[in-house]
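Encoded as C-alpha cells, the structure appears first; notes follow it.
So that you can tell them apart, the chains are marked A, B and C in the order they are listed, and the count of residues begins at 1 in each.
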Amino acid sequence: MNQANIDNDLFAEQRIGQAIRIAEAILFASAEPVTGKMLAERLPDDVALDAVMERLVAAYANRGVNVVRVDDAWALRTAPDLGFLLRRDAPQQKKLSRAALEVLSTIAYHQPVTRAEIEDVRGVETSKGTLDLLLESGWVRMRGRRRTPGRPVTYGTTQGFLDHFGLAELRDLPGMEELKGAGLLSPRMPSNFAVPVPPVDGDLLGPDEDELTDIDLEELGLLTPRVTED
Amino acid sequence: MNQANIDNDLFAEQRIGQAIRIAEAILFASAEPVTGKMLAERLPDDVALDAVMERLVAAYANRGVNVVRVDDAWALRTAPDLGFLLRRDAPQQKKLSRAALEVLSTIAYHQPVTRAEIEDVRGVETSKGTLDLLLESGWVRMRGRRRTPGRPVTYGTTQGFLDHFGLAELRDLPGMEELKGAGLLSPRMPSNFAVPVPPVDGDLLGPDEDELTDIDLEELGLLTPRVTED
Amino acid sequence: MNSTRNEGETAQPVPAEELWADAKTQGLSEPELVVDVAGFEGPLDLLLHLARNQKVDLSQISVVALAEQYIGFIDQVRAMRLELAADYLVMAAWLAFLKSKLLIPKQRDEEGESGEELAAVLQFRLKRLEAMREAAARLVNRDRLGRDVFARGAPEALEMDRSVTFEASLYDLLAAYAVQRQRQAVSNVQIAARGVWSLQDARDLLVRMVGRSGQWSALDRFLAQYLTEPAQRRSLLASSFAASLELIREGKLEVRQDGAFEPIYMRPGQPRPRLVGDVN
C-alpha cells in the first residue's frame, strides 16, 4: 500500500467517522425512531447509511444505551438489563385488559385483519372500548379496506407498536414462523391442517386420557384421523 | 503482578464498566440534568462516582453527543459543532384543536360541503379562524361554488390530507358500521342516522358545483387582483 | 400435559392471567360450580378452558366429551337461573347439533360437511385461539418501552424538513367526527328493551348458526332448548320464524318442513363450494 492509498483510507475513515457522529446526535435528540430516509438526508452524500448504522449499532452494543432498529427507522433505547434501575422514575403504565391484549395480538399476527376475522379468532364479539382503546394507544391503526364484497376496513399495527414491544419488524413477533407453519394464522382451517396422529396403541395413552369420556372414542372415529366408513 | 492481582483488576474493571453503563442509561433517560448525588445512589457502592464520570466524559469526548457538567449535575448534550442539526426557537408542531378536528372531519366526510352545511352537521357556528387554519394546514381546500342562491364556496380535502392520514382514497374513511365496530360510534344510533360515503374521486365536481374561477378567488381575497395593462 | 407449549422460551413467562389488569381468576381455577361466565371471554374461551381440563393436546381431544361438558356447564348455569349471553346459548345449541351428528352414523344421502369435519374445524379454532393467547402472553412479557427500556428523556427538536406544522392522527380525526355526530343525534337515541328476542337478534343468531352448520338442521329447536324462560322460548321461535322468512326472501336461507308441526329444517340458501350435487 502506498502513501496515497493510506491517505485515501484515512480520509474515508474521517468521513464515516463524522457521519457516525451526525447519526448519533440525531438519534440522541429524538425520542421517536428516526427513519433511515431522514438520516440519510443529513449524512454526507458519499457515505452509505447501512455502513454507518452497522458501525453505530456495534459501537453501542455493550453500552448502557443501544441502537435499535424499528421497522425502517432507528432509535436509541436504554439497555433492557438496566430497566430495573430506571423504572422507579417512570410513570406507571396503564395495563391492558386481557381482552384488549388478545385483540392486539390477534391483529399483530393476522394483519391485515378485519373486525369480523378478529371476532372469528376469539369467538366473541369485540366489546366496545377495546378497538378504540387500541387505536387511541397508537399501537393499532386502520390500514385500508379488504378487496372483498362490502370492502371491510382492515386493521394492523403501527411503528409505535414495534417500538413499544422492542421488535425490529413484524417477522420478529415471537413464534411467528411456527404459527404460520402450523396454519394457525389462516382465517379458515387449511386443508392440510396438521392433526397429529395419536398413538394407535391404546396402551400408550396416558392414565388421565382414559378419563376423557365414557363413550367409546374408537367407535366414533375421533381418535384416528381415518375417514369414517359409511 | 500475580494472578490474584490480575483477577482483582479484571473484577474491578467489570464493576466500573457496569457503573459506566448505568450512569450512561440514567443520563440518557432523564429529562433533566442528574445530580452527582443521585447518580452515586444508583451506582454500585464500591465504585467512585468521580472515576466513573471521568471515564464517561472521556468516552463521549469526540462523539456526536458529549457528557457535560452543569453545576453539580451531569447531562448529555449534542456536540457543539453539530448544533445545526437541531432547530432552535423553531415552532413546534401544533396539535389541532378539537373544533378544528371536528370541522376537518366534517369536511372529509361531507365534501363537497359549504360552511352553512358544516354548521348544520355540527350544530354550532364555525369560526372563520378555524377554516382559515385548516386551509393553512394544507389539508382543506376550496373546491368550487354551490349552484344555489349566494353561490356559497364548497370545501373539500386535499391530497396532502390523504397522505397525512395514511388514506389511499377518500372512500377508505370508515363508514357508519365500521365506526360502530371500532367502538367510536354507539351501536344504537337512531334509524335516521347516516354517515355519508365520500366521493370516489375527490377532484370531480359535484352536479351542483361550479369550478372556482379567478374572479371568485379574487373576491375571496386569495388572488391579488390583476393589474390591467393599459 | 400440553405438548404444543414447548417453544424453547429462555425465561419462563409470567402466566398471562397474572399480567392482565382485570384477571378474574374465578372460573379459571375454581371448580365449575362457581360460575362466573363474565370471567370468560365468550363461549370459545369457555370451551378452551374445558378442553384444557381434559389435559391432552387439543388435537387429541374428544369433541363429544367436550360438547357434553359444555352443555352440562350451561345447564348448571341455567339451573342457577343466571342470565347467559346469547353467544353461549348459540354455542350450546351448535354443540348439541354437532354431538348428534357425531353420534349418529352418517347417512348415505347426507349432504354437507360430516360431523368429523365440523369437529376438526372446532379443534382448529380452539388451537388458533390458544395460539393467540400464548402469543399475547409472550408479547406482554417482552422488554417494553417505558417499562424495561427507555427513550431519551430530554428530546430536542430536530432540524428536519417538516412540511406539516399541524399534527393529528386518523384516530383523532375519526373520534372527533363520531363524537360530534353522536352529540347531535343523542336526543333521539332510544335504548331497546331486552327480555324478548327481537327480529334482529333472532336473525343474527340464525345467520351465525346456519353458516356454521351448513346443512339441514332444526336450529331454532336447538336454540330454544337452551332458554330458561318459556316466554323467551316462544319469543325466540316467533322471531326466528319471522327472521327466517326474511332470510328466505333474500335468498340466504332455505327451509323444509316434513309435515304440520314437524321441526323446521334450515340451511344456507347460497350454494357453497362444498355443496355440490344438490338433490331436489
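In this text, a residue touches a chain if its C-beta (ideal position, glycine included) is under 8 Å from a C-beta of that chain, and two chains touch if they have at least 3 such contacts.
These numbers come from a predicted model, not from an experiment.
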**Complete:** The chain whose C-alpha centroid lies farthest from that of chain C is chain B
**Asked** What pair of chains has the most C-beta pairs in contact?
**Response** A-C
**Message:** Can you tell me which chain is nearest the middle of the complex, judged by mean CA position?
**Reply:** A
**Prompt:** What whole-Å value do you get for the distance between chain B and chain C if each is reduced to the mean of its CA atoms?
**Reply:** 39
**Request:** For chain A and chain B, let me know how many angstrom lie between their CA-based centres, rounded off.
**Result:** 24
**Asked** Multi-chain contacts in chain A: which residues touch at least two other chains?
**Response** 26, 28-29, 76, 78-79, 86, 132, 135, 141-142
**Residues of chain C engaged with two or more neighbouring chains** = 150-152, 156-158, 160, 169-170, 174-175
**Asked** Which residues, counting only chain C, touch chain B once they are in their complex?
**Response** 150-154, 156-160, 162-170, 172-185, 188-192
**Item:** Interfacial residue positions of chain B with respect to chain A in the complex
**Value:** 20-26, 28-30, 42, 62-65, 76, 78-79, 82, 85-86, 166, 168, 171-172, 174, 178, 181-184, 187
**Item:** Touching residues (chain side chain A, partner chain C) in the complex
**Value:** 26, 28-32, 34, 38, 41, 75-80, 83, 86-87, 90, 93-99, 101-102, 104-106, 108-109, 120-125, 132, 135-136, 138, 141-142, 163-167, 173-175, 178-179, 182-185, 189, 193, 195-196, 198, 206, 208-209, 212-213, 215, 217, 220-223, 228, 230
**Fill in**
Listed in rising order, chain C residues that touch chain A in their complex are 7, 16-17, 19-23, 41-45, 47, 54-57, 59-65, 68, 87, 91, 102-103, 105-106, 108, 114, 116, 119-121, 123-125, 127-129, 131-136, 138-140, 142-152, 155-158, 160-161, 169-171, 174-175
